[in-house]
Amino acid sequence: MTGRELRNITLSAIVLALAALLPFLGNGYVLSIGITIAMFTVLATSWALFSGPTHYISLATAAFYGLGTYVVAAGIDHLPYWLLLILALVAGAVAAALIGLATLRLSGVYFVIFTLGLAEMIRQIVSWAQNNWGGHRGLYVLTDITEEILYWELLAAATAVYLLGWWIGRSRLGFALRIIGNDEVVAAHSGIDTARAKVMLFIVPGMVASLVGALLAPRWTYIEPAIAFSAMLSFQVVIMALLGGASRLWGPLLGVIPFTLLWEAISIYFPNQTMLLLGIVFLLIVFAIPRGIAGRAEDLLRAVRPRGN
Amino acid sequence: MAKANTVLSVRGVSRRFGGLVAVDRMDFDVDEHQVMGLIGPNGSGKTTMMNLISGALPLTDGSIDLRGSKISGLSAQAINRRGVARTFQLVRLLPGLSVIENVMAGAVFGHRRRWGRAAEDYARQMLDRVGLDDAANEPIASLTYIDQKRLELARVLAGEPEILLLDEWLAGLNLTELETGIQLIKDLRAEGRTVILVEHVMDAIRSLCDVCIVMNSGKKIAEGTPAEVLADDEVIRAYLGDDDA
Amino acid sequence: MLDVKGLCVSYGQHQALVDIALEVAPGEVVVILGANGAGKSTLLNTIGGIGEGSHTGSATMDGKDVLGLPSHRVLELGIALVPEGRGIFGNLTVRENLLLGAYSERARKQQDNNLSRVLGLFPKLAERQSQTAQTMSGGEQQMVAIGRAIMSNPKIIMMDEPSLGLSPLLCRELFQCLTEVRAAGLGILLVEQNAKQSLAVADRGYLMENARIVGHDTADNLAGDPAVQMAYLGGRAAAADIDDRTGNSIHLSDQNVKIPPN
Amino acid sequence: MDILITGLLLGGTYALIAMGLNLQYGVARIMNLANGEMLVAGAFAAFWIFTAGQVSPLLSLVVVAPLAFAGNWLIYRFVMLPLVRRSRSQGQLEVDSILATFGLSFILVGIMLASFGGDYFTYSYLAVPFDIFGNTYALNRVVAFAVAVAIGVLLCLWLGFSRSGLAVRAVAVDPRSAGLVGIDVVKVSAFAFALGGAVTAVGGALISTFLTMDASIGGLFTMKALIIVIMGGVGDVRGAIIAAMVLGLAETAIASLIDPGLTLAAAYLLFILVLLFRPQGLFGRRAS
């Protein structure tokens, strides 16, 4: 067991080191795709930490992401950047806790519907507030953070999410969530405080998405509600995580890489057809690979090495 | 008044669903090391009574105390943590988890909480206890029906509960399995565990229970040793219907 | 005529029914007795097309295969099921419930005839046609359920524990009704806990235990048979019968042990 | 007064849309998140027929409704039914149908973008003033309201008094019992899903007479329809009508008193209140 873990950690470290070398290629386009992949890896992996075991489909990513972006945009002239990152983390956690408390005792459908419009609602309120009190529509975020630094920051965040996921997987909380995902009634009758466990875990993707929004704020320079709270982001995260497989820590990564590349190619050659791609991949997930690429890969591995445990 | 060795005491407990009174002012005590049978014809309110004790349903009226402290009104998880653990009428396992993890679920979050090595060791002990020790690494789907029941029992035992609620734990077993099942509960009894048994297999009730409560239409209609209550005229009428049709 | 042969049903590893054989002809009341968990409901649900297990064996209605058909096709063949818990449409009115009973092809032309028949049989329903079904008492709801089944113009009605939750008085009325339904030429397959009253109106009975039919006799003989009581309350005699499981149907003799009178 | 009438006029169309979703969710038990796209497709069709042939949107309903019915029937038959058949639990079906209908909604948006582009579309139909109690309103709003009410009433009468309507209600109440009285539940579910889609598309065509729309606005209408259905209680026609009126009023009030950009926020406020205090709907009784 420990031998295997050691091997996995070594492998991960090598992959991480290689990924960290990307900016040295000196290719701006490759780096920007690298940033996108790193960003979605962080978002999709943290999304799957909650939604994988509980089967709740959260579309709240954009709401938290926008929250983080706005914390930075609103505070950049007054507070140091690193402090704003911490503030974004805290704001995301608090918002997630509140939303979780209000909605996680409801059935899955209501939760989906609630998160579906959340980003749009916050966008409307922020726009309205800005129009009435801000005096202008957008905010400027001017820093000297380069694309390279941004990329490394995201890579660090990804590492943190993986470590967090690995730790949760070994913790009582992680075990409790697997039980809840299997049968919530049994979980409650085994002494698990199901509501508390779900809210605690829902905080993870909330604060991570808020942090990512904060990290990426400098990239935009000029921020307005429509950019920060783009509902599409939530769907992209869901589909990448499910495409890769939400029940494994490394699953979402397998979805993020091909989907990002595909999305990139389609937006270049058929700029209007990203929607169609999104739709087709959704149906593909439901009908062909319900457990994602990771699930498929495991089935194949098992077929190659029968009972090779 | 409750005696010194009373573990669970049920006082004036009622539960209504709309106009229907499923459980009607039930009173009884369960003593330490006692195996109590809760029996009655279909629809008499036994399973509702179990759901009230385990916290799956809230009470409409009355109170339930565990060793003198009130547990009625608490959530299911809180009641489990205080030491009341149950099995389900239709066996409920965690299909995505391995056999040993199923048992650990009870050990990690139950009445006496363990974690890591200790939880796994204790879970193995419980598997051994129910005779499933060699199935620890099997997938859940490959278990036979009696083994699924054993596994559920092991999960419940793993939390070291003060009191065990077995809801038709023997139902659906074939004859050889039934013998195994009855033997298993006999062993629990010999260990001095406190058990409430909802059961339709009357031969099991006769050989396992110290006392029986008979319910009909939500009310307690008899209480005593199995032999006494099963010879009771009212009980026979409850089961077989009126004679003067 | 409903004819079941060699019916086995299992849920995964669990055998819910083993080698069941029984028949029900029009104009007779047949009761299936047995303790909870013996497999009685599974049997009715499987024939009725709402069972969930996998099955082997056969069940035919007048020679046509019933097994595996969806419930609305089973009904078209002339078998109506009143499931456990009655299965009435609580939000709809009594009249709507009854009219829905005549939804099937085979019943549409007879709708008016059957409606007056049902309302004649249960005058209480005639008074309360526009009442919402869920606001009625348990006994009245049971009448709606049985009435709805009659509206389907069936040859056989299967009923799962119709006496459940009824007061003794209502129970008696209910079983009285069954004899009237029978008089109209329908066959009734009844699953019951209330052994005494159901045997009093039944022609024949089967005794089920542990997924098998362990006895079959006329209702009169069964009424005096200690094995019936044993099946519910346990005891040595029942245990002895269970042990003897070489044949799937043990003919119960009329031993002279009486169920104690009340 | 002005707000009241404008709100009620809007609420009438909302009620029709919610009725469409109610048929799909309440009877066929599919939470159709592509509902709003169906609405936009209906609006598109009306827009296209009007600009191409100067045909009145009311007349084009004769084409839009059957087409939407057929399209939705096919969707149920070939996308939803396989999911219904394979699902072992209601929870599983819920997750599957959410993902599948999200997929459908994006495909619909993709197709509409490809065929019409991403621009706003609007046309002028009956944009003349109309007098109610001394205030003037756009005649197209009044006509849309009247048509929505007429269709809604017809639907209610059909549901309430016909044999097939009764069968639909029976499936909504209890599919298992419906099968036991001889109703082909699959057939009725497919019919209800198709009918729900047709009603939604008709609602879209009506809305297009007075609102400016674009290909990607569907999600907003899905949200509104869902909020109405949940507020009114799933399967409760009366509740849905009242909830639609409440939403129409709330939106109009906030738009005219505070800011027109806050309509969804208004809908959300209602939604949150309902979720927190009456998750079973305005008139629903809590199931025990």
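Couple of notes before you dig in:
Just so it is clear, A, B, C and D label the chains in written order, and each chain counts residues from 1 on its own.
Keep in mind that, in the parts below, a residue touches a chain if its C-beta (ideal position, glycine included) is under 8 Å from a C-beta of that chain, and two chains touch if they have at least 3 such contacts.
Treat the numbers as computed from the prediction; the structure is a model and nothing was measured.
Minimum number of contact steps separating chain A from chain C: 2.
Across the assembly, the mean Cα position most removed from that of chain B is the one of D.
Between the CA-based centres of chain A and chain B the separation comes to 43 Å, rounded to the whole angstrom.
Chain centres here are Cα means. That of chain B falls 48 Å from that of chain D. Rounded to whole angstrom units, the spacing between the C-alpha centres of chain B and chain C is 30. Annotation for chain B: no residues touch two or more other chains. Residue positions of chain A touching 2 or more other chains: there are none.
The residues of chain C lying in touch with chain B in their complex are 12-16, 35-37, 138, 161, 163-165, 168, 171-172, 175, 193-198, 200-201, 210-211, 228-229, 232-235, 238-239, 242, 245, 259-262.
Of all residues in chain D, those touching chain C in their complex are 163, 166-167, 169-170, 173-174, 176-186. Chain A contributes residues 172, 175-176, 178-179, 181-183, 185-194 to its touches with chain B in the complex.
Residues 54-56, 75-77, 80-81, 85-86, 88, 92-97, 101, 104-106, 108-111, 113, 115, 155, 159 of chain B are the ones that touch chain A when the two sit in their complex.
Residues of chain B that touch chain C in their complex: 20, 41-43, 141, 143-145, 148, 168, 171-172, 174-175, 178, 200-206, 230, 233, 235-237, 239-245.
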